[in-house]
Structure formats: C-alpha cells, structure tokens
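Shared between the two complexes below is chain A, which has chain B as its partner in the first and chain C in the second.
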Partner chain A sequence: MNHAKTVIEISNVSKRFGSVVAVDDNSLTIQEGEFFALLGPSGCGKTTLLRMLAGLEVPTEGKILIDGEDMHGVPPNHRPINMVFQSYAVFPHMTVFENVGYGLKVTGVPEPTLREGVMAALDQVQLGDYQDRMPDQLSGGQKQRVALARALVKKPKVLLLDEPLSALDAKLREAMQLELVKLQNTVGITFVIVTHDQDEALSMADRIAVINEGKIEQIAEPRTIYEFPANRFVADFIGKMNVFDARVKENGDSITIEAPDVGSFSVSHPEDIEPDRINAVAIRPEKTRLTAKRPDDSLFSTEAQIVNIAYHGKETAIFVEIGQGTELSCTVPNTSRSQHLPKTGDTCWVSWQVDDMLLLE
Partner chain B sequence: MRGLLAKRTSAGPLDYIHQGWMKLTLGLSFVFLYSPLLILVIFSFNDSRRNIVWRGFTTKYYEKAWNNDGLIEAFANSLTIAFLCTIISTILGAMVALLLWRFRFPLKGAYEGAMTLPIVIPEICMGVAMMAFFSRVGWPSGLVWPFNLSAITIAHISFCFPFVAVIVRARLANFNLELEEAAKDLGASEWQFFRDIMIPFMRPGLIAGALLAFTLSLDDFVITFFTSGPDTVTLPVKIYSMVRFSVTPEINAASTVLIAITLVLTTIALWLQSRAGQKLGH
Partner chain C sequence: MLGVPPGIWLTVFFIIPLSLIWLFSFGDKRGLIDIDLTWTMANYARAMDPLYLQIFLKSFWFAGITTLACLLVAFPIAIAITFAPSRIRPILLLLVILPFWTNLLIRTYALIAVLRTKGYVNFGLEYLWDGLNAILLFFGMDPSGLIGERFTPAPLLYNNFAVVFGLVYVHLPFMVLPLYASLDRMDRSYLEASLDLGATQFRTFLSITVPLAMPGIISGLIITFIPALGSFLTPDLLGGTDSQMIANVIERQFKSANDWPFGSALSFILMYITFFVLAARALFSKRGSTMDAG
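And then the complex of A and B:
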C-alpha cells in the first residue's frame, strides 16, 4: 500500500451529550484513497464520529483536520465531504436528475456542466435511464444509488456512508458490497463507512477501526482484526470465538499457559502483550478439527462429546463438551455431499494447532 | 372473472356498508344534512316572489342579485377580506408551525395551547371580544376602501391562522430530518434549504390551510357582525339583513353562489391533503 497522504486526522476527539460520553478521546488518521470502516455494536459512537466528520455534530473536545485544514467552526455545507445517509434522504419532490444535480445547483454550477456531471454520476451507479423518475417510483436499492450519485457528483475529498446497506435484503447487500468496492476503486475517493455488520467491514474495507463504548479498540487491516484481535472485546465481537479463562504459569522465552477448563499449552513469548496480563486464551471454531481417532502430538487435542449440531448448509456448527461442562464450538465446512456428519452423543477428539490460539488480556 | 365479481359483491362480516340498515341510516343522514341546502339551491331558480310554492324555472333572480349594488359591494368586500386574510394567515400560520416544530423554548406548551385557543373558543365570545377591543383602542372607522375593512380582516386573521398552523404542523411532523442534513451536506445554505426542500415539503399543507382560511373568512358571520361598521358589510351580513325584510329567491341565489365557492375550495383542500397523505404512504 502506498497511501502517501493523510486526508483525515482526528486527534483526541470526544463528544459528550450531557453526561453521556458518545465518543471518548479518540485519535485516528485516514489516508487518501482508503476504504475505511468504523465498526462496532449499535450505540458505540461510530455514527457520532462520522457525523462530526460531516460537520453535523461539533466535537466537545479535540481537533479534526480534513485535507490539512482544521474543521473547527466549518459548517457542513463548506466541508469537502459528502455523506450517504442511512435513510438515503432522497428529496421526495425532485426527480432523480434534480436530486443528483442539487449539490451542484446550490453552488451555482452552470447548466451544461451540471448536466454532464449528473449524467456521469448516474452512469457510475447504473441509473442512466432513471433520470426522470420520482423517488417514490424507485426501489430501496435504487434510492441508495441516487444518494450515492448525489454525493459523488460533488467530487468530495471523502465520502461518508452511514450504514448504507442495512436496509437492503441479503442478496442485494452482498452485490452492493462488491459494487461499492469497485466504485471506490474507479473514483479513487476516500470512503469512510459506518457499519455494525462485521462481514461488510471485513469484505469491503482496507482498514477497520473497531469501536466499543465510544473508544477505538483496534485499528488494523481486516485480516489482522480477525486473526490477531487486540483484546477480548475485538476477539468476541468479530466472528465467533471460544474464549477460556487462563493464567500464565511460567515466564521465560517460552511460556506455559494454564487454562483450567481446557488444558495447558506451551507457547512462544508473545510480542505485543505482557505475559503477566494474559488472562484468557481463545480459538476460532473453524480452526478446530474433529476426528474419531486421537491425532498426533503436533496438535493440541482433547477428548470430547458432541452435545449439539446446527446445520448451516455450507458448514455445520458442532458443539462439543470437553472436561466438566466446558462447551466448545467447532465449525466443519461441508465440502462434499457424501460427507459423514457425527451425531449428538458421539465421542470424538477435538484438536487444533497451538499457534492458532490467541492470547488475550 | 365471475368468481372475482362474486367475491366482491358478497358482504364480509365487517362490510357494514352493504347491510340494509346501514344504508338506510346513511341515506337518512344525508337527507337530514343536505336537503335544506338542496331546497335552497332549487328555489333560487323559482319564478316567484314568495319563496314557498314552485312556479317554474328562471334565472332572473341571479340577474337581480347581480344588479343589486349593495349585494355586489358586500360580495366584493367579502372576497377582499378573504383574500387578505388568506395571505396573511397562511404566512403567519406557516411561521407558527415552523416555530413549534423546530425550536424548543420555555412555555412552549402554553404557547401552543394559547395559539390554538381561537379554534375552540365560542365565536360569539371572539366577536364580542373583538368589538370591545377595537372600540377600546379606538380603531379608526370610515377610512377609504380597502382600509375600512382592516378591523374585520384582523379579526378574521386571528381565528384563521391557527387552522393553517395546525394543518402545516401536522405535515411537518412527517419531515425526515436527514433531508435537512443532506441538503446542508450538499452545500445548501439555510435559506436555500428552506426554499428548495422545506417549502416544497410544506406546500400541500400550505395550500390546504390557505383554502380553509379562505372559506372560513368568506362565510364567517358572527365575528364579522360584531366588527363590521355600517359601511363595511360582508356577504353573510348582507344576506342576514335582507332576510329580515323578506326571503326572496334573490337571497337563495346569493347563498347558492357562496355555497358553490365554499364547496369547490373545500374539495380542492381535501383532495390536496389526501394526495399528500398517499405520497407519504409509499
């Protein structure tokens, strides 16, 4: 990645509504041309952060620089930023063309330039034939494209998207995810998207900031977020995770970790975490294996009894019990039609590579 | 097709409209409400001085009403008052609606209540209060037209604008605040947003409110009666004074014209409101 230029710089920004802290002292930089996702559960402050970028909320503390300029006191209509709203906010009394052209009209762009810009933007979102439609003749997906075109036509430095896909059905949502990424590659504008859907963030974004209770927990590329979550919240929030309490038994180059419910593991010294602070280990369900016989010693393995099976089509979630009442979830991909699936009550061996385990504080 | 038709004609348990007793009640209600009006309209074409027995069709009383200078002057006064009252009430009402929708301020509830008071207060009280007020402040009378109508116009505005405010306020309750943010985000100033987004959104409410104000003002009698001077007679007041001598078909003719105007404007107002409702329903 050769993103050279910083386009958004957020430093120590907080936002309080009365006594409620919505955004708590966050700093963040976003590079030009990046597809950046703000991901978190609902009410975590991600939308407030986005609205502060747009100028629709004023930070209580801290500074926001956009393209090197301090945005303090700059109203939304003077920021080089445009937004796609969650409700799309398509003007109901204007045609598609008038909607998309509105942002150019109010700034006094002459008619021929306006027409050219609007038609180019409509083509970009594949609505070229819809220019004379009224919004109530459009589907939800089409309204969203109008909202996108309306923002893109302004050629903003940054495009903000507030939960843009949440109102679409699953099939359309997946198609739009790909389309948004393609669109972003074509126009080269920095996209900042707010979402509570981790699939959306993982599949689309170049980098993700995971936010919880107003604080950024981790900023990293999707793969890092998934495979190397920084803490227990991120590990638990992104994907599925089996987390077990654990404590460090021995210090040194290689440390031994004891998880009372599972067993003990010898792992190499982690780079970014103090051994003393480790209090949990975790393993993703899809990184476990279920076998009838005991696997060889290169893997950690333990005997288990199957307590529940949930068939999901492309995969099967199998819940097993290890030791005294400790439950573990395993995901088995259904790679073949003739695949043999175990039954509830069967005993088997569950195993995984010790390196796939996460050490959490 | 046959099955579909059969289905449509067979009454469901909640299709009260298809049951005989309901039709009868409905029919009787309509007769009760509209037969006086219908008779009034029919007898405006009656070729008789005394308005009791039908003596054949004529339009001469419309002609006579048209040539009655007092009646025409009263009608012109009514239209002028209604026109001025409509414009000012609509602007005032829209501003009140916007204020109540947009801002929070101390005693807002009390203000809202006081604002809607003219809707519920008995007209006779309003009329007496207006008369007392204008005589107390020594409001000038006998000015040149149209300033001689100022007292009546002010009285009309005071009971018309709350209706406009209530209608526009109801419309604003459905406004999606993200539309404002989107407009500002796209570069619109406060004024551009108001002109391009807000006014078009309020328009059905504004038109419905204006038409309502117009009809309310046009056929108001009680309040007008208390605020009008000898030289400022409106159509309803004039008709009343004519009735005191004798009920001629001329009065029927003038009343029919008033009914027609009211009916047309109310229909337009209702149609606009229902159309706006349908649009929101999508």
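And then the complex of A and C:
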C-alpha cells in the first residue's frame, strides 16, 4: 500500500457542546488509500470527530485539512468527502437508482453520464438488478449497499462510514467486513470508519485510533493495538486482559516487577519505558497455559484453583484463583474433540512467558 | 352517566340532530315554524341557482387562497420550531397554540382594531408617510407629486382582503402543527445525507424536506381548508357586502330569512363537498402508497 500522501490532517481539534467536551484536542493524520478506524466505547466522541470531517459539525477549536485544503467554513456539500450514515439515510421516496444518482443529479451531471455512473456503482455493490426497487422493499444489508453506492458514485477523496455494520446480524456483518475491505482495495478510496466493535476495527483497518472520553489514547496498526496497548484503557478495552497493580524497580540492565497479587518478575530493561510511571502489569487470557504439573523454569508459574468454567465452543474460558482471592482468566483453545477439560475445584498450575506480560501506565 | 355506551352519546348529540337537519332539507316551509316533510327536492334545486353557486364558488376561492397562504407562512414557522434549540421549542409551540385560548370573537375584534381606517396598520403607515414627507421636504423636493399631498389610509377592512387575512390568521395554527409534527419526526440524517451528497440547502428543501413532509402538508391542507370553507364569523365581521361566504347565507336562512329547509339543504351540500374533499384525500394517499410499493 502506498502511504505517501496525507489526505486528512486533523490538528488540535476540539468540540464542545455547551459544557460537554465531546472531542478534546486531538491531532491525527490519515494517509491516502488507508482504511482507518476510529474505535471507542459509545459516547467517546468518535462520531463527532467523523461528523466534523463531513462538515456536519464545526470544530470549536483546531484545524482540519482535507487533501491539503483548510476545511474551515466549507459546507458539507463542498467537501470532497462522502458519508455512509449509521441509519443509512436511504431516501424513502426515491428508487434505488434515484438514490444513487441523487448526488450526481444535484450537481448537474448530464443524464447519460449519470446513468453510467449509477449502474457502475450499483454493480460494485452487487445491486445491479435492484435499480427500480423502493427502499422499503430492501433488507437492511441491501439498504446499506445502496448508501455505499450512493457515496461511492461521487468518487470522493475520503469515504466516511459511521457504524456501518452495527444494524446487521452477526453472519452478514462478518461477510460485509470482508466485502468492505475488498471494495476499498478495488476503489482505492481512503475509508474512515467509526465503530465500537473491536473485532470490526481489528479485522478491517490498516490503522486504528482508540478513543476514550474525547481523547485519542493510541494510534497504531491493529496488531500493535492488541499486543502492545499504550495504556491501561486500551489494554482493557481491546480484547480481554488480566490487569494487576504493580510497581517496577530498576536494577541496572534489568527491572523487577512486583505485583503483590501475583508475584515478582525480572525482565531486561525495555527501552521505551519509564519505570516510575508503570503501575500495572497485564497478561492476555489466551497467553496463559494451564497444566496439571509444574512447567519448567523458563515460564513464570503459580499454583491455582479453578473457580469457574465457561464453554464457548471454539475455546473455553477458565477462571482460576491464585494467591489470596486474585482471579485470573485463562482461555484454552478447543483444538481437539478428545481434549480433557478440567473441572471446577481442581487445582492446577497456571503459567505464561514473562515476555508476554505488558507493563502499563 | 359515565356507564352510558359511547354509541348512545353519538346518537343523541350527533346522529339525531344531523338527521333532523337532513329531513328538514326535504321539507316545505309552512307558516312561521311549521315544516312539512314532503320529500321535495325544491330546496336543492334552489341551491343550484347561480346566485348561490357563485357564493359556493367564492367560498372555495377564499378557502383555497387561505389554505395556500397558510402553507406558505406556516412552512418557515414549522421549520424554525423544528430546528430551534430544544429549550425554547415548547415556548414557540405554546405561542402557536396561544390564540386558541382566546375567544374567536375577541380575536376577530382585535383584528378590526388592527386593520380599520384608524387602526394600528394605518397608524404605522401614516408614521412612515410623515417621515418620508419630512425627508423629501428636507431635500427640497415636492412630496405631493411623489407620495400624494395628504396621507390616505389604506382600505384594509370590510373587503375580500380582510376576510382572507382574517382566515389566514385564524387557521395558521392548524397548518403549523401538522407540519411541525411531520418535520419533527423526520430523520435528520436524510437532510445531512443530501447536503453530504452535494445538494444545496434549497435543493435539499425541495427534493428531501418537502416530499418527506408530504403527509403533514396534506393533513395541514385539509384541516385548514375544511374549517375555512365553512367560516362564518370572519367574513361576517371583517367582510364587505360582496365578501359573504356560504356559511353566512346558511346562517341567514336559519335566522332572519327563517327558511330552515333551504338552510338545511345548503348545509348538506356543504357537508357533501367536505366529504368529497376527504374522499379525494383518501384516494390520494392510497395512490401515494401504491406508488411507493410499485
């Protein structure tokens, strides 16, 4: 992918609604052709940020450049950006064809060009045969395709998608995820998607910005977000995580982590970390191992008692107690039908690689 | 009392009186108060006289202009209320409904005070005229050639204009409320999507707002048109000799002319017309929905 050119530049943008700060002094650049996700819990300000890109909200402070141009005072109808709304907003009084053609018609595109563009866009979203249908004859997924075609036909610099998959059922959602990525690769337009669904963001996006309470917590590629979360919020929000309070002491080349609930660990000094600011350690459930016998010394291990088991089909979540009342969640993949599963009350050893632990601020 | 089935109330207070009037319309007037039910069609035939047809036509004309004027005035008001901050929206709605709390007669007399020769509008116009006059004199021009030698009050009362003005004033809330209801229900993202797709505000209004508000527009047209068509007090108090509407004629049959059968016939013709309008609306909305489905 060519990441040469910046298409969106957000600098120090804030948005306040009365005394409520929706977006709090954020800066962000998005490259041309990127699939970028704004991820966060509901009410974190991600949709407000997207609406400011579309011109539907005006930033209280800060600057937004799109394709190098300052968007201050530029109304939505003059921005090289189009949006797929969460409710799809497919006009109920127009046919599919009229919906998709609307954006061309209002800007005076002549009829033959319009027809050509609309049919190409409908083919792109596999709705070629649906041009004469009315929106109330379409399923949710089809309406979404219409909304998608309607935006794509404008050939925008950037396509904004506000929670595009939240109204679809699980099966369709997964299929649409793949399709959106494929579509983005074909059309080569920059996609900016807003979602509260981490699976969606992780599986589709090239880069993710995790947002909490109006502030961007981390911007990185999906794998970095998951494996190296920048802070406690990101670690907790993305996937499942066992987090323990901890303190770090420096001894020259190595550091010692003391987590009262778990134990103490010595690891080599990571370069990019200030030991004073670390106050927690964390381990992902799937990075732990449960064994009947004590594993060898290359792993950190501790004795544990199983307190709860939740079977999820492809994996089993096992909750164990270590030390005095510290609960830890472990995930065991169900790789074989004959796999032995422990029972509640069993004692066992829980272990993990010290390198897989995260140090959190 | 409350245990009486609603059907009884409907019969006693609605169906029986209405049936009586319907029977009267086929009756013959005998003496001062006697009416013989002869099943004559003479009353209806008399109503077809060009004199009365013309008044029917005029009533339609007034009601039509009133309805149209209401629509043009009410649309911006309804939009303003819809997009007003949620704190002041109830206050604006209250202001629209407020006239209902005052008696129609009092409101109409208030309008007379506004429109008459020595009314507030003419006071205002005279004030402007004086000002203009002074300015022209100041610049050494002779005002008599441009704006006349003396201020002549505009004839605003006791004519057709006054009737339509009064009807618009009285019926405006009937138009504002259904429009507001349909605009308020409308998903804002339709408007945002239209802007996002490159349409101007005006284009969005024409292509998205108006079609989506159509149910409210039609309701507003109907519930304005029907009462406007049967208006009695407004043309009676604000109109001149040639601006009476059909309800004024009906009133006269029941009172000064003492011709109840003819008044009843006129009443029922008016009612049939109203039913026809409602039927046309039902047909329209049915066609609208089949168009959606096709």
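Everything below uses one rule, namely that the second predicted complex is superposed on the first by the 357 of 361 C-alpha atoms of A that agree within 3 Å, B and C clash if a C-alpha of one lies under 4 Å from a C-alpha of the other, contacts with A are read in each partner's own complex, and residues count from 1 in each chain.
Operating definition for what follows: contacts are C-beta pairs under 8 Å (C-beta built on N, C-alpha and C of every residue); 3 or more make two chains touch, one makes a residue touch a chain.
Given the structure is predicted, the values throughout are model-derived calculations rather than measurements.
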Side-by-side fit of chain B and chain C on chain A, or clash: clash
Partner chain(s) touched by A:I283 [first = chain B, second = chain C, both, neither]: neither
Footprint overlap on chain A, where chain B in one structure and chain C in the other make contact: 54-56, 75-78, 81-83, 85-87, 89, 91-93, 102-103, 106-107, 136, 147, 150-151, 154
Chain C residues within the chain A interface of the complex: 187, 189-190, 192-200, 203, 207-208, 211-212, 292-294
Chain A-touching residues of chain B, taken from the complex the two chains share: 176, 178-179, 181-189, 192, 196-197, 200-201, 279, 282
Of all residues in chain A, those that touch chain B in their complex: 54-56, 75-78, 81-83, 85-87, 89, 91-93, 102-103, 106-107, 136, 147, 150-151, 154
Residue ranges of chain A in contact with chain C within the complex: 54-56, 75-78, 81-83, 85-87, 89, 91-93, 102-103, 106-107, 134, 136-137, 147, 150-151, 154
